[in-house]
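Shared between the two complexes below is chain A, which pairs with chain B and chain C, respectively.
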Partner chain A sequence: MKPIYIHSAVCITAQDSFEDGIMVPLKTSEGKVQAKHPEYRDFIPPAAARRMAPAVKMGVAAASKALQKANVEQPDAIITGSGMGCMLDTEKFLNALIENKEEFLTPTAFIQSTHNTVGGQIALGLHCKAYNNTYVHGSLSFESTLFDAQLALQEGSATTVLAGCVDELGTEFVEYVRLKEQQETIPKQVPYGEGTAFFVLSQEVKEEGVILRGLQTFRTVSEDDITEKMLQFLRENQLETESIDAVFLGTTGDSYDGYYNVVSKSFLPKIVRIPFKEYSGDFYTCMGFAVWWAQYLLQEQCAPGYNCEPDVTPKYQNILIYTQEKGQNHSFILLSKT
Partner chain B sequence: MEALKQELKESILEALNLEEFTVADINDTDPLFGDGLGLDSIDALELIVLLDKDYGIKLTDPEESKSIFKSVEVLASYVEANRKK
Partner chain C sequence: MPQKIAITGLGIISALGNTVATNKKALLNSKSGVGKLQKIESIHATTIKVGEVAFTNVEMEALLHLPQNHNYTRTALLGGMAALEAVKQAEINDISEGKTGFISATTVGGMDKTETHLKEFITNPESQKYISSHHAGDSTQKIADLLGITGFTTTVSTACSSAANAIMLGARLIKAGKLDRVIVGGTDALSKFTINGFKSLLLLSETDCKPFDANRNGLNLGEAAAYLVLESEAAAKGKNALAYLSGYGNANDAHHQTASSATGEGAFLAMKKALEIAGIAPSKIDYVNAHGTATPNNDLSESVALQRIFDNKIPGFSSTKPFTGHTLAAAGAVEAVFSVLALQENCMFPNLNFEAKMPETQLKPVVKLYKKELQNVLSNSFGFGGNCSSLVFSKA
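== the complex of A and B ==
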């Protein structure tokens, strides 16, 4: 099967990722970290933006920039993943429902609260009537999006896919989740975050590009079996642990970090290990940030925000990303430089 | 009446999230839809709910709504004459 090339990648998180700025670890003392929002006027008309919550603005702006970077005007498919959808408008709508005793319900928050608002707004902005789907599978929402994109490209139903993910903090629900997490014996040590990442994917060859080489998810795996699952995943993609130049791990400091420890031990001590949630914060689709960062490393051969040395021998050829949520929803993503 | 107009302008800006505008930008006779504030059908629904919630006015006839939302001046006169709270 032909490889899938990442033709462009754009990300908005608590980092300066939209402008490819320097990545700085977040303070662990912060409970929640908001995304660094770009100037949305450059991407969204003010009349349209007034009804958009941060998730929608982030998604539309990132998608728009990703298409611009890839010189694509109309994708053949728009596929979005979101763990919690448009949380802010959901909260607004439900609170209004309670406060007004189920009367005086206004349409805007309801319309904008649906999970597929982001994918819909991207399509409306582009006047794109192509396949449009949104996956809401908790912490595997982005991975499900990539699976669908992979299928669409490999089956030939699309030649260019705009695939991405988005989640926002909102004002209340995530705070309740955070408070509940704090009651755990070993709670997460990374703040809760928000963000988006969009990618233009195609089987059209991109010279010196990055390919989405492999993708696998597991609902449940024991800590004893995770290493074998990872090794099997690498073997299926014709790689060994020695071929991996960097590993992105979703460590959070909670009691499930043992999974990352055993996976990490399989790799050479000298290779780079990036605990990506310490940079993005934790949210259901933060895997999108990891994929964005990993493709940047492979493409530029240095971290975002740094001047890359010219003519340097490629240091990063293959990068593995692994994450899980509370011992469930494990995912491996493998990116390679062509 | 002037106080009501001011109140309606503030409510419209807040309910419709018109961040680009201030109360001073809305003239009493400016059309709310079309060339004026550029409101659309979803905004019309928001305004109908606003009248019901804040003034106890229930609008059921779309044609009537169209004429009432002509401008802040027309809207204020209608509210003044028909408000139940």
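== the complex of A and C ==
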């Protein structure tokens, strides 16, 4: 099977990720952190941007920049993922409905609350008539998106895929989610976040590029079995733990962090371990941020926001990303430098 | 020869009935399930008509043997009922044998519970179990658990074409050898959210909807769940395939967030791709189960797309939405089940309530149950965001 190259990656989160700035851990005392929004006018006409909720703005801008960076005008497929969908407009329409007792409603928020609004808006902006799909499978929404992108390229239905994910905080429902989380014996310590990540993927060779080497998810795995699942995943991709140069872990501080401790033990103590949710905050599609960061390390051979020394021997060849949600929906993603 | 995708099981729950058999009976008797809104309190209850499933939540909870204090939403309950029926028909003894997946579509997810409890989530601990059931993936996961599926599972949400896209993904995964068997379809419960959403868009008819009619004045919403068991030829060996899923296509209209283009470009491209995958000429299609929502915009756009793809030689076509209401994310699967039934029964189901041809296209759908040997059926599903999907079903 021909490898899948990441031709571009763009990300918006609470970090300065859109501008490839330095990654700084978030304060754990904050309950939720908003995304650092870029200047949208460079990507979306201001009049249109004013009507868009953060999820739509973030998604459209990131998708647009990802296409620009990859020099692609029209992808053959637009695939998006979102765990919660367009929460702000959902809340807006729901509250209007409740407050006005089903009267005097205008449709704008309802229209934009649809889960595939971002995918649809990207297609509309590009006049792109290609395959367009949206996955909304909780914490595996982005993985489903990548899975479809991989399939589209391998089966040959597309040669260039625009794949991405987006989730927004909204204002109300996230508070209920937090309330529920606080009732846990050991609740998550990282704040709730929001963001987007978009990638242009293709089997067209990119010299000195990064490939999406492997992707695997598991519905349920016990802490005892997770190491074996991880090792098997590496083996299937012709790698062993010694060949991994950095591990991204979805640590949140809740009672399921044991999974990460177990997995982490398999790797050499000296390699980098990045608890990426301490930077992006937690949201269903924050794996997009981890993939963006990991591909950056492989592509640039240094952390975002720093100037790299030229001609150094590559530090990063293979990076593994692992996350799970409350002991379920385990996901492994493997990226390699070519 | 491309790998054939066998359909070995069907399951459905809709306003027509709680099983495939009852749905079929209603279709063959031209008996609509659309009526008054009864299970949701709404100020629109007297002015709209809907296709409601007869079962109450309590009845479905009992049939699914759910424990006390579960947090299944109506979307999950409907989905569980239909998916279990589909798996039963496919005579799968051990669902964990081989690579089995589950792909479900929904637009509302747990909205029926969210809209009921939103303002008491903080004060009423009893209601808090429905916080985690809001997101769209929750119902999928619950149905997968009911079926005992631990393999590839995901949720598609592209508005009213969602289930067609779920079915399409399932077929692609089997063709690629990634799965041996996959249960595909969709589920959506009625909710105040969607009723008011479509009401605010002025898309709800106050009478029985009249797809493709000159005087059509909007849609009737419905709720339903429907699933199909798709199997590779190898996995289906020794079983009687009910039909084959031979083609699928998705394209974007890229015209407007909610309205379809005057040329029906997205619909045209989706049908074109589906026919290409099926490897058949348009003339081989014997019946089209149209999207036909009965909104002025959709039906005209779809009619133009049909004229284009069939070069004005349009086979018998009808919209079955007057039977079930528009069941949103489930519609593609509901109509996939109806397409298979049409092939099995060798008949085209009537487009109820049709009276007058629309002046622009002068097309007349099938208005009475029409018996004819059918080989290939095309089914259309179009949604917000310009999302257009078509599926081709062929006789076993």
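Following the convention adopted for this analysis, the second predicted complex is superposed on the first by the 338 of 338 C-alpha atoms of A that agree within 3 Å, B and C clash if a C-alpha of one lies under 4 Å from a C-alpha of the other, contacts with A are read in each partner's own complex, and residues count from 1 in each chain.
FYI, contacts are C-beta pairs under 8 Å (C-beta built on N, C-alpha and C of every residue); 3 or more make two chains touch, one makes a residue touch a chain.
Fair warning: this is a prediction, and the values are worked out from it, not measured in the lab.
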Q.
So in the superposed three-chain picture, is A:Pro107 touching just chain B, just chain C, both, or none of them (first/second/both/neither)?
A. both
Q: With the two complexes superposed on chain A, say which partner A:Leu179 touches: chain B (first), chain C (second), both, or neither.
A: second
Q. Counting only touches as set out at the top, which of chain B and chain C does A:Ala47 meet: first, second, both, neither?
A. first
(Q) Between chain B and chain C, which one contacts more residues of chain A in the superposed model? (A) C
Q) Once the shared chain is lined up, is A:Arg219 touching chain B (first), chain C (second), both, or neither of them? A) second
Q: Would you check which partner chain A:Phe93 touches, where first means chain B only, second means chain C only, and both and neither mean what they say?
A: second
Q: Look at A:His127 in the shared chain and tell me whether it touches chain B only, chain C only, both, or neither; answer first, second, both or neither.
A: second
(Q) I'd like to check the shared interface: which positions of chain A are touched by both chain B and chain C across the two complexes? (A) 103, 105-107, 111
Q. What part of chain B is in contact with chain A in the complex they form?
A. 15-20, 38, 42, 45-46, 49, 52-53
Q.
Quick check on the complex: what are the chain A residues that touch chain B?
A. 46-47, 50-51, 100, 103-108, 111
Q | Residues of chain C defined as touching chain A within the complex | A | 42-44, 106-107, 109, 114-115, 118-119, 121-122, 128, 131-132, 134-138, 140-141, 144, 150-159, 165, 169, 172-173, 175-176, 178, 192-193, 196-197, 199-201, 250-258, 265-266, 269, 383-387
Q.
Which residues of chain A touch chain C once you look at their complex with the stated criterion?
A. 78, 83-85, 93-95, 97-98, 101-103, 105-107, 110-117, 119-121, 123-124, 126-138, 140-141, 144, 147-148, 151, 154-155, 157, 172-173, 176-177, 179-180, 183, 217, 219-220, 284
